[in-house]
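Paired with subunit B in one complex and with subunit C in the other, subunit A is shared by the two complexes that follow.
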Partner chain A sequence: MSAEAITASVSQLAPVAKERDRFALLALPGLLYLGILFALPLLILLVKSLINAEGDLSLAGYAAFFSDPFNLSVFWRTLRVALLTTLLSLVLAYPTAFAMVRAGGWILTLMLVAMVLPLSVGVIVKAFSWSIVLRSNGIVNQALMGLGLVDEPVRLLFTETALVFGAANIFLPFMVLPIYAVVRQLDPNLSGAAATLGSGPLRTFLTVTLPLTLPGIIAGVAFVFSLAVSMYVIPSLIVGERHQNLAMMIARAFLFLRNEQLGSVIAVVLLAIATAVVFSSALLLRLVERRQR
Partner chain B sequence: MTALERLARVVSWAVAAFVIIFLLTPIIVTLLVSFTSSSVYTLPPPQWSTKWFASLADKDGLWDALLLSLNLAFISTTIALVLGTTTALAVSRGRFPGREAIATFSVSPLMMPGLVVGVALLQFFRSLGINDAYFTLMLAHVVVTLPFVMRTLLAAFGSFDYTLLDAARTLGMPYGQAVLRVMVPALSPAFLTAGLFAFLASMDNYPVSIFLTDARNKTLPVKMLQYLEESPDPSIAAISSGLIMLALLALMLGSRTVGLNRMIQG
Partner chain C sequence: MLATTEAEARGVVGASAGTPADSHHLVIRDIIKKYRDLTVLDTLNMAIGKGEIVSLLGPSGCGKTTLLRAIAGLTDTSAGSIKLAGREITRVAAHRRNVGVVFQSYALFPHLTVAENIAFGLKARGAPRAEIPDRVAASLRMVRMTDLADRSITALSGGQQQRVAVARALVVEPELLLLDEPFSALDRKLRETMQVELKSLLRDKGMTAIFVTHDQEEALALSNRIAVMNRGRIEQFADPVTLYEKPATGFVLEFVGLSTRVSGRVTSAADGQVQIETAYGPLQGRGKFAPGASVIAAVRPELISVARDGESGTGNAITIPLQDVMCLGSKTHLYGTARDSDLIVAEISGTAPLAQFTPGQSVALTWPSDSTLVFPAQGQ
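After this line comes the complex of A and B, so read on.
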């Protein structure tokens, strides 16, 4: 449920009374906590990345970062991997959500367990498991050879394809669940009505079903993309240092190179991407909801 | 049903079947590997053995890391539940402007890169001269757990019918008792779900913790990644299996008390 939807449903419930305003005080502890220990440190990080060695305001750190071809290649690789991961997740999640709505009994239970169990298992455990699966003597290679598709083990670990599949494996529930939530609320009579009015199944899907499930798609895409663009543990375990991404560069800058200016600059770049995703998805959601009203 | 619709249905079932296998494979493989007698990851294991679980007993630093992670997860989740309850109450009951912004802001750490939050906190604490690793880890883990709590509680408080409280009072129940006997039971599944996911998020956190740990205070994920870099033997799989079984237990508890379908609606 989006924050907007929550507050919208809330404002209908709360009875009109002036004394209710003292409830504002209750928000203070949580707001102060996140303000001081979340927003303020990020703001300081942003300011620090804009100040050069002489203490003047300058964009030199950013200019230096983006003029280095290696940094640029890492930047584009990070975006590409995140985009591919998001696309793969969406392609797998969308049909799955429809199957889940039609499923019942033990099949539904199995599906829910398959979604929720990975959610409650840590990312290190999952990324590690995935690296076992992909090993040259791992289960994927055994299956490929068993099916006669390849004659000898293929190198899977340490490739970008492996990373995209591994990341999609780990983030998939975050794509399925929001889509499942909207598909479940679809009125099955709607597509029937469209058919009665002479709309073919493809046209019904494009004009009725797809637009109605768009809020779930936007929520899932935004969440998976923002997770994938900033993932650190998964690429460290699946591809290692060879294919660095922005998050790995930040960790290196702070933990090994001790180059905090560089680390701060990359951190702000990553922060800007995440913030852009949050705001554009919120904007898109609002647009979609307004059109459907 | 037209042929096209039938095809769409078949495709959706085929993809769903693949997704279930895709999602469960790594978990099942880890469980199998942890019971191997060999010191490499071969599947199926040449012989079954629990020796890698036994090897955990004297694994250097593992139990300290586990205790620290449990400690951080338990206390930070408790603090987050308190802060989350007051904030969710304010957003759902108040009529002041900016409640929507508060709701969005309090969930926003969920979408921010963990590593960036970790770096920002590292610099922040250092500039204030706060060096105590345990203390900074605790403060940071509340930032990690609070958005998980807020996401679930905002939805639950938002859909709670507060007129039920008025009804209970009309029937002669004192206010405190009405809250205790009407509101608390109605919202307890949400608290359980929120607490569970917040706890797991703290237990699992690596990107924020890595910047705040020191030699004596290493959380379990930090320690595990260190083991993986040093000697990736099946004892790591045994730790992972232990954590998977813990997650299964938590899930069974959750599905008994709240229901799986309700848990995922946060």
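After this line comes the complex of A and C, so read on.
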């Protein structure tokens, strides 16, 4: 690049950068709020997790946590449940998003309302209604027995399967909406164009539809996984104390065991998982979108 | 077989009389497409020879895009049959039809580069891997896009995107190419360049092609024959000169070219000649109508001779005050003060007469009664 070209490009960039500086000020109130009420306590938590009973700085808390087989099993179970919940909601949400775009009009409005309205009902009500549906004399068991498929009630409540289904239901909007937003932008003629070029439905899905909807999938997966990995109320109501996950362990450590270091350690571990998911999905999104530019 | 004879009279079935329709490259028979109560394609017939370039011309909502999608297999039909190169394709899936489409939006794959877009169809059809790069390169040369092979689609201009869309559709060597308003996204100047370019490209390849358009100038520029569509049917399928000089219906008359047309009532009829009473005086024209029938008498503007009031001519003559005088460069249009939905327009060549005619001035318009076309009034 010649010297003139560089100066030209710099002078072109300069006003944009200045503009951005001014607009950055708009984020200040939000940043202050988050900084004082959120980042600071997190920092204290991080420090607490690194200080042992004698008041010295050490990684002993982490070593202790990861050497305990019970803790490890909770760690893996939390990840497994979050992963299964994410997968289930993805499988349910993906076709739903396409149906919404195709439906359009008042059916679309109805679906959007049906999707968003339950968010205002609150997690507790929804988790509790799932426990009504799944309990031994609940709707599912009565239907199974009525059909003669089972002779006595099946244990549904207090199982991991029930938790995954309940959680996927509650988090569904967070998967549907980002995918819907991407599908809506797709030129509806793309799959037709692929077909006239000789591409069958499966090939068209794998080479056109899936790559183009990937940004929505990544965003939805990031949302639902980070929600599912840290959920507390839903497992408490659907599975109860029998099923421990990281969030419940944190609560137990702080509230019952009064072990602040253990609680802090688990909180930091959970935070690390969520951060990893958010950052890797952001990175993935950039990669995918750069390819599509 | 009333339908067939009517279709033949309108030129809908064969390019040349007496040719059996099955020898045509594309044969569409009695296609019907209904969406619930709405009939979009109404027992439509059409036949196109190999290497022919035709246009489907009609107002929006006439069913032309639906017909195109039905031929491509992107819309299923309620009844009728479509044959391409002797093969019955009515129930064949779009990806097995070998019909190329250039979409109005171009529908290029935004996640692929120019070259990858063109290679898409070759890969989907299982072309030998070693062949693909050469065929893509040849295709890029054909549309003069070699330098932009690795560009992303979103970085291209409208004209470039159209070239890629054409190259992508042609590289798989389809039996038939369909183009849905391919120039509508381009500005006027670029549109004309691209029309010339595309037409010669299709001719060189001997490609059979159907353009869908609502723009009659575009249809005239691109195709040898034009099918004028209205309400799911083909009103007339003929070469441009026939469409202009012998429109089969009042709709074709109105849609193709400009015409003077006045409504009236038949007073007497004999030997294929009718006398018509209009608000501007009696007129004579050709046609078979019963006395009392509501009709529209029409004539093309350039067949009218214009004289200042007081002078007279032969044949049909009306005297009327001028409403407007429009200079269009090489010709001038004189608009008479017409009633209701009538339109009275005469064309004179050159710009010189402009000074002679001013709005409000009364003029005498005359034309031969032989050139007067008579159609049933709309809605009858």
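We adopt the following convention: the second predicted complex is superposed on the first by the 260 of 293 C-alpha atoms of A that agree within 3 Å, B and C clash if a C-alpha of one lies under 4 Å from a C-alpha of the other, contacts with A are read in each partner's own complex, and residues count from 1 in each chain.
Criterion: contacts are C-beta pairs under 8 Å (C-beta built on N, C-alpha and C of every residue); 3 or more make two chains touch, one makes a residue touch a chain.
Not measured: the values here are computed from a predicted model.
J.: After the alignment on subunit A, I want to confirm one thing: do subunit B and subunit C clash, or do they fit together?
T.: Aligned through their shared chain, the two binders fit side by side on subunit A.
J.: Looking at the overlay, does A:Ser199 come into contact with subunit B only (first), subunit C only (second), both, or neither?
T.: Touch partner of A:Ser199: subunit C, not subunit B.
J.: Answer with first, second, both or neither: which of subunit B and subunit C does A:Leu212 touch in the superposed model?
T.: The answer is second: A:Leu212 touches subunit C but not subunit B.
J.: With both structures placed on chain A, which of the two partners, subunit B or subunit C, ends up touching more residues of subunit A?
T.: If we count touched residues of subunit A for both partners, the winner is B.
J.: On the A-aligned overlay, A:Leu190 touches which partner chain: subunit B = first, subunit C = second, or both, or neither?
T.: In the superposition, A:Leu190 touches subunit C alone.
J.: On the A-aligned overlay, A:Leu34 touches which partner chain: subunit B = first, subunit C = second, or both, or neither?
T.: first
J.: Touch check for A:Ala222: first (subunit B), second (subunit C), both, or neither?
T.: first
J.: On the A-aligned overlay, A:Val278 touches which partner chain: subunit B = first, subunit C = second, or both, or neither?
T.: In the superposition, A:Val278 touches subunit B alone.
J.: Please state the minimum Cα-Cα separation between subunit B and subunit C in the superposed model, rounded to the nearest whole Å.
T.: Superposed on chain A, the two chains' closest C-alpha atoms are separated by 5 Å.
J.: Please identify the positions on subunit A that touch both subunit B and subunit C, taking each partner from its own complex.
T.: Common to the two interfaces on subunit A: residues 200-201.
J.: Within the complex, which stretch of subunit A touches subunit C?
T.: Subunit A reaches subunit C through residues 187, 189-190, 192-201, 203, 207-208, 211-212, 291-293.
J.: Applying the document's contact rule, which stretches of subunit A touch subunit B when the two form their complex?
T.: Residues 1, 3-4, 6-7, 9-11, 13-17, 20-21, 23-27, 29-31, 33-34, 37-42, 44-45, 48, 92-93, 95-96, 98-100, 102-103, 109-126, 128-130, 132-133, 135, 137-139, 142, 169, 172-173, 176-177, 180-181, 200-202, 205, 222-223, 226, 229-230, 232-233, 236-237, 247, 250-251, 254-255, 260, 263-264, 267-268, 270-271, 274-275, 277-278, 282.
J.: Going by the contact rule at the top, pick out the subunit B residues touching subunit A in the complex.
T.: 2, 4-5, 8-9, 11-16, 18-20, 22-27, 29-30, 33, 41-43, 83-84, 86-87, 89-96, 99-100, 102-109, 111-117, 119-124, 127, 139-140, 142-143, 146, 150, 154-155, 157-159, 161-162, 196-197, 200, 203-204, 206-207, 210-211, 221, 224-225, 228, 236-237, 240, 243-244, 247-248, 250-251, 260-261, 263-265
J.: Considering the complex alone, what residue numbers of subunit C touch subunit A?
T.: 69, 72-74, 93-101, 103, 105, 107-111, 120-121, 124-125, 152, 154-155, 168-169, 172, 174
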